[in-house]
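What follows is chain A paired twice: with chain B in the first complex and chain C in the second.
Let's look at the complex of A and B:
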């Protein structure tokens, strides 16, 4: 959706689009700064819908400008928050389809044309997400007892390290290793089963669900292992059931289940 | 993403190289161990052979632990995070 070209000059302007709404109340955006200081947020009508837009200096939003911004955590956070504030304000007042951070067009006419081309998609998304919120669910494998690493203590138990161990020691060693390996496989299977159970339970009350890529294990060895990273589109009147469901699943599986939300349904506006 | 420059400190470089070499050796050792367990499960080895293999792997394991200790490398340093692929060695 973003179009940027090399032909921009310093004083050229561009149009930043935050979200597409159905009949928004302009009053909710009056106090929000958006992503530029010198201009105000305003509605842009197209095909019966309304986009929330802001005129910005094209020079502030070139590829290079974004590259610089990406490497500056604070600056990036400032933009992400400004974007999110507008999207949240919109979503709180009317059905809203959030657009990705840094959705830009060269001027109003091109924005209107591009948005018009996608009207059907926006309508479908608005219809699907109206009265719904997004909830994130992350599941971590139950804490396992500290495993037997299988490494033999090199000093205490094997003082005569260079001499050949007694017969049968090798057999016992491999048996122990086999035990460790089997235990690891069992834990892995258990974790997968927990993930499926939790996902199936949430799918039952959700209008839609998506499984996202698992986060890598936390560094430093002892991190928790994530087994499910999913997000669900849940009707507002069913949100109250989430708490009870989470508690039940926690008790049933022993896994750590983290639920976050309600969020603006970012993850459920892309599909048609 | 980061503004950090590469700091070429030869001691640190040597230490990292040791850790990397030990990582590769440990990976091979664990692969051999798994292969040995698979062979045993298939049942085509005599008890004597199994004991022989087990003893060799055990001595390698001990030697590995000694080397790590000598070079101040912790067992968890011998693992690489491969991002979406997980880690090089199984994490228990």
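Let's look at the complex of A and C:
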């Protein structure tokens, strides 16, 4: 797949492919910068479909360049948003299949050939997502009081208490420990159950659903624990039901439920 | 279309809400889409956020995009 020959020079160009569409309106791309400042976004016709592409400097888009970019939040964000802007603009004008960030070819001919090979998959994806949008649903465990550890001897206290502990103190300590642990497990199970409930409810009105990677607990302060990060493909005429469903689920579960969308159906154009 | 539950304010559908949190965007941009073999970048879908400090990512998402329900939410 990677063909970085030694002959590659600094000014060699590559073709960045953003999305594949039915029949985009070229006007919607005019003001968008894409991922390079020197060149314009342009359509690339292939097999009855149109890809939105941009010529870029190959040296800026190597694997190594991306590895560096991945570790720089601001850089990554700039590219992610630039990509998303183009995809969103395309989708606003016609049915669109987004490509993942950083799909690049050594030139127009190679890109056209690769895209042509996948024409059937693009058509299938366009068909599957026609008239649908993607909606993200994130569920956070209900806020719970901190575990009751008031009676546990702290690290500082324990060694300081030189006198022999009262008989049974060790057992009581262990039982309290066990209680805290059981409470934690119960909360965890409850949270998972809430996640399943919410997922099942959204699946009912969705054409399709996917679980995404859970986000790590938020740092310091809020400490919200995410228990579901899912995304659903919902028919446009059913999108209005999402609001009521979300409210009902919030009331029923007490969980914090965040809905985002409508998204271009990023998550539903691949092999689902 | 319903807007109330959307944690950002986008005037029209599908035009790329400005406030869309980066972490949600990356969930969709990195490992999804019709993956076709490219010539140059081969591994980006496999390294989402591994080299990126997720904590840094999340905290800056928070300061830029405050939680939709700052008052504790309509729970």
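The rule we apply is simple: the second predicted complex is superposed on the first by the 242 of 272 C-alpha atoms of A that agree within 3 Å, B and C clash if a C-alpha of one lies under 4 Å from a C-alpha of the other, contacts with A are read in each partner's own complex, and residues count from 1 in each chain.
To be clear about the criterion, contacts are C-beta pairs under 8 Å (C-beta built on N, C-alpha and C of every residue); 3 or more make two chains touch, one makes a residue touch a chain.
As the structure is a computational prediction, the values presented were derived from the model and not from experiment.
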Contacts of A:71 with chain B and chain C, given as first, second, both or neither: both
Partner chain in contact with A:215 - chain B first, chain C second, else both or neither: second
Contacts of A:101 with chain B and chain C, given as first, second, both or neither: second
Which of chain B and chain C A:80 touches, first, second, both or neither: second
Per-residue touch tally on chain A - higher for chain B or for chain C: C
Chain B versus chain C as contact partner of A:122, first or second or both or neither: second
Partner chain in contact with A:184 - chain B first, chain C second, else both or neither: first
Residues of chain A at both interfaces, chain B in one complex, chain C in the other: 70-71, 213, 216, 219
Residues of chain C that touch chain A when the two form their complex: 1-2, 4-8, 12-16, 20-45, 47-60, 62, 67-69, 73-75
Chain A-touching residues of chain B, taken from the complex the two chains share: 1-3, 33-34, 36-37, 40, 47, 50-59, 61-62, 64-66, 69, 75-76, 79, 81, 83-84, 86-87, 90-92
Chain B-touching residues of chain A, taken from the complex the two chains share: 70-71, 144, 147, 149-152, 154, 158, 161, 164-165, 167-174, 177-178, 180-181, 184, 213, 216-217, 219-221, 225
Residues of chain A defined as touching chain C within the complex: 1-4, 14, 17, 20, 58, 61-63, 66-67, 70-71, 73, 76-77, 80-81, 83-85, 87-89, 91-92, 97-106, 110, 114-115, 117-118, 121-122, 125, 133-134, 136, 212-213, 215-216, 218-219, 222, 229, 231, 236, 239-240, 242-243, 246-247, 250, 254-256, 258-264, 266-267, 269-270
